[in-house]
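By written order: A, B and C. Residues from 1 in each chain.
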Amino acid sequence: MINNKPRIAIYDFTDCEGCETKLVSLREKLLLLEKKVDIVNWRLGQEYFEAGPYDITIIEGAPITRHEVDLLKELRENSKILIALGACAALGGIPAIMPEKDRKYWYEKIYTSQYAPRGIDAVPLSAYVKVDFSIHGCPIDENEAVRAVEELLAGKTPSYRGYSVCFECKQAGNPCRLLENKPCLGPITQGGCGAICVSGGSPCYGCFGIRDEANIPALRKILEKFADEKEIERYFSMFHSRTEDFNKNKEK
Amino acid sequence: MDNIYLPQKVKITKIDEQSSTVKLFRFSPIEPSAFKKNDNDLVFNPGQFVLVGEIGYGEAPFGPLSSPYEAEYMEIAVRKAGAVTNYLHSLKNGDEITMRGPYGNGFPLDFIQGKDMVMITGGCGIPPIAALVEYVIKNREKFGRIYVLYGARTPDEILLKEKIEEWKNFGIKSIITIDKPAPGWTGPVGFVSDLVKEIEIDEANAVATMCGPGPMMDALEKILRPLGISDRRIFVSMERKMQCGVGKCQHCVTGDKYVCMDGPVFYYDEIEKNHD
Amino acid sequence: MMLVINDKNLEVFIEKLKEKFDFFDIRNDKLPFKKYFFPPVQEIFTRNPLSKSKTSDLKTAKTPAKFVLFGLNLPQLEALTQLDEIMQKPNEDFFYFQNRKQSIVIGLIDVEIDAMPGGDIIFQKIGEGKYKVWAENAKSKQIIKENKVFFEEIEDEEIESARSFELSEGAEWSKTMRELLADSENLANAVAWSHGHKIWDELAEKCLGCGICTYVCPLCHCFSIEDRVGLDDKCSRCRKWDSCVLPSFSRIAGGHSFRPTIKERYYNWFYHKFVRAYREFGKSQCVGCGACKKNCPAGIDIQEILKTILEDYKKVMSDV
């Protein structure tokens, strides 16, 4: 690591703060972390704020206002390592489900044409700046967040899970949803979540991001057996339709 | 029951910075005081590898570059490239690390005796070749003419300069090339056909040994083929993803071969047509 | 004379075993029995460093208490015997046998056998509520001796007529598969020949590369080693199932992959099972259990693939 005790800042843009809450839920592990790093700027968790530069900046949420975009660029300049925390920062997440065009329609419909929105398009951090690592999930898995920080502190490059959700899903003892003709994005999604959604009876919407070299057309073919085009799009648009990894792999 | 995954502790006794990214580490066993010798009365066969690292950081394969007759210590060259090598670079003299091995086959010491030998290496592939040179030096009368062709990316990245200088005293001719022209460099650039003129061997009684990435194929086409050394007499040390080192994890497999067990040294014609 | 047990006594016997040992009934497991010997994730070494530089306190994973694995069927028993062999050669896998040696494996089968295919005790269904008991090693004989009230010795002939059993789900598939596997040399030759066959292109389009087939296979045994330095400074080394169909499997530091496409990786999976396994161990690393077919979300059926290859291979060979 860069300093003996690296300076960490945790920022949030537009989101639900659920991922930061997951960090707070680390409780005693946060105290262990405090021995290794100085968290010098965390709006949600602290009362004092130190200005940059920072060794590591962790950002939650999607930048959707001009102000947030400018702050993001400034943080990038001031940070040695920039980490996206959670699906909104890493993939665009919930704010990005709706494309700009549809958003305009609803603005008018709900708030009338007099409304002047501050928001511009919702896209991942990586649309504006270089992101060194993404801690995935909606919300994140706090143990995966710890793992990323541990790897950085040990002088390693944080690593992504190279396997699909299926590995952890099988360990959890779940029956395969796809074999039961229920939609699931597990096979094309990175593991690390412990298959928490499938274990709880939900489909996997892919919040951990597209797995390396995922075969999206093959999954689409399976989904087409029991879901119509619109439903499939709904699944893919939840976290993926607007990410680079998805668009790179969606066609052969 | 022996535990094939349990490493032995070793202590770093010397660290030498070779270039901006490469450090040479010498380490010695903590207990017992010397490394065990094999049937050839060597600590390892040149071309074999050891897995060096630390619990928490991982293990990586390295071909020792020290003399295989040296039982007090081994030396490896470590290029900063990943978790294990970054960790090793952060250590200092006296620190403890772990080691497993030596593993694999090594160069065929019986077969190469009595022959002329062309050794070709590039980048960080020089350690096993250096160990082989040390073996040759100790058994000089059993070998014919020996050439070492060593390709580095830049003059800064040439490793083991002092050793290479010493080898001259034992009639070992080294030719160092760099990949691209550099200011102040007067030596050859790339493994070019011209180098063939500097090598005199008895092609009917010559072997070649190779280790390293990059320009190796060039060397084969432009130098070994014109010299008339047949594929059956070319021994190549292969690189694959290596994890367990003992034929279990399946990462290093190519065709029917385990690089960790059957290799890392293969006849060139044995692997040429392998699919991965 | 043969040893038999009826189903009521079998239940009581099992209860007795549960009192004495950890007991796992594998029949409803999603992952194969291998996980009890070779867990999906296992911490194999840990150390608590006094300082960064000392390799102090290296601890090896603890040996578990003795345990019973219950309910292996015929292909699973065969797979166990084969996995033991794989883990034995050329170097004994310490962590596999550390668990394996603590196990008492009980098979439950409904087909005819001439000899024990594997495991310590086998209950072979020979009629309504009746099982023939196979137990040949000292460990299993001892357990039966301790519980002899539940067992009964009868004349061999008595069961001949009572022997009838129903085919379980997938039995037909397994039967065909096992016929193909009987000539593993031919399979090896055909799969080796098939490199470049268009079927691998078709599979590359279909396969999700999720790795499920390798996880549910009782014989797949690839793994990765992962190290971790915890926030509490505890350092550990884990071994974790890996899958050769995943892109990271043969990728080295720097990003180069020796099998860059799913087509190459999927073929490698077949090559290992049917070609390299044959050359290394004299038989395919497949027991025809059908788990890969049953669990593949893309519906890939390895038997269909093998049949296609075998057919084309046969044609080509007869043309020569």
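Heads up, the rule we're going with is that a contact is a pair of C-beta atoms (placed from the backbone, for glycine too) under 8 Å apart; a residue touches a chain by one contact, two chains touch by 3 or more.
For clarity, every value in this text was computed on a predicted model and none was experimentally measured.
Of all chains shown, the one whose average CA position lies nearest the global CA mean is C.
Interface comparison, B-C versus A-B: the higher count of C-beta contacts falls to B-C. Note on chain placement: the centre of chain A and the centre of chain C lie 37 Å apart, centres being C-alpha means.
Distance from the chain B centre to the chain C centre is 38 Å, each centre being the mean of its Cα atoms.
In whole angstrom, the spacing between the mean C-alpha positions of chain A and chain B is 44.
For chain C, the set of residues touching two or more other chains reads 228-229, 242, 249. Annotation for chain B: residues touching 2 or more other chains are 56-57, 82-83. In chain A, the residues that reach two or more other chains under the touch definition are 154. Those residues of chain A whose C-beta lies close enough to touch chain C in the complex are 29, 32-33, 36, 146-147, 149-150, 153-154, 162-164, 166-167, 170-171, 173-176, 178-179, 186-188, 212-215, 217-219, 221-222, 252.
On chain C, the positions that touch chain A within their shared complex are 29-31, 40-41, 205-212, 215-216, 228-232, 241-243, 246-249, 262, 295, 297-299.
The part of chain C that touches chain B in the complex is made up of residues 44-47, 49, 52-55, 58, 60, 87, 90-95, 97-98, 195, 221-229, 235-237, 242, 244, 249-254, 258-259, 264, 267-268, 271-272, 275-276, 279-280. If you check the complex, the residues on chain B that touch chain A are 56-57, 82-83, 86-87, 90.
Against chain C, the residues of chain B that register as touching in their complex are 1-6, 9, 53-59, 81-83, 91-92, 94-98, 239-241, 243-244, 246-251, 253-256, 261, 275-276.
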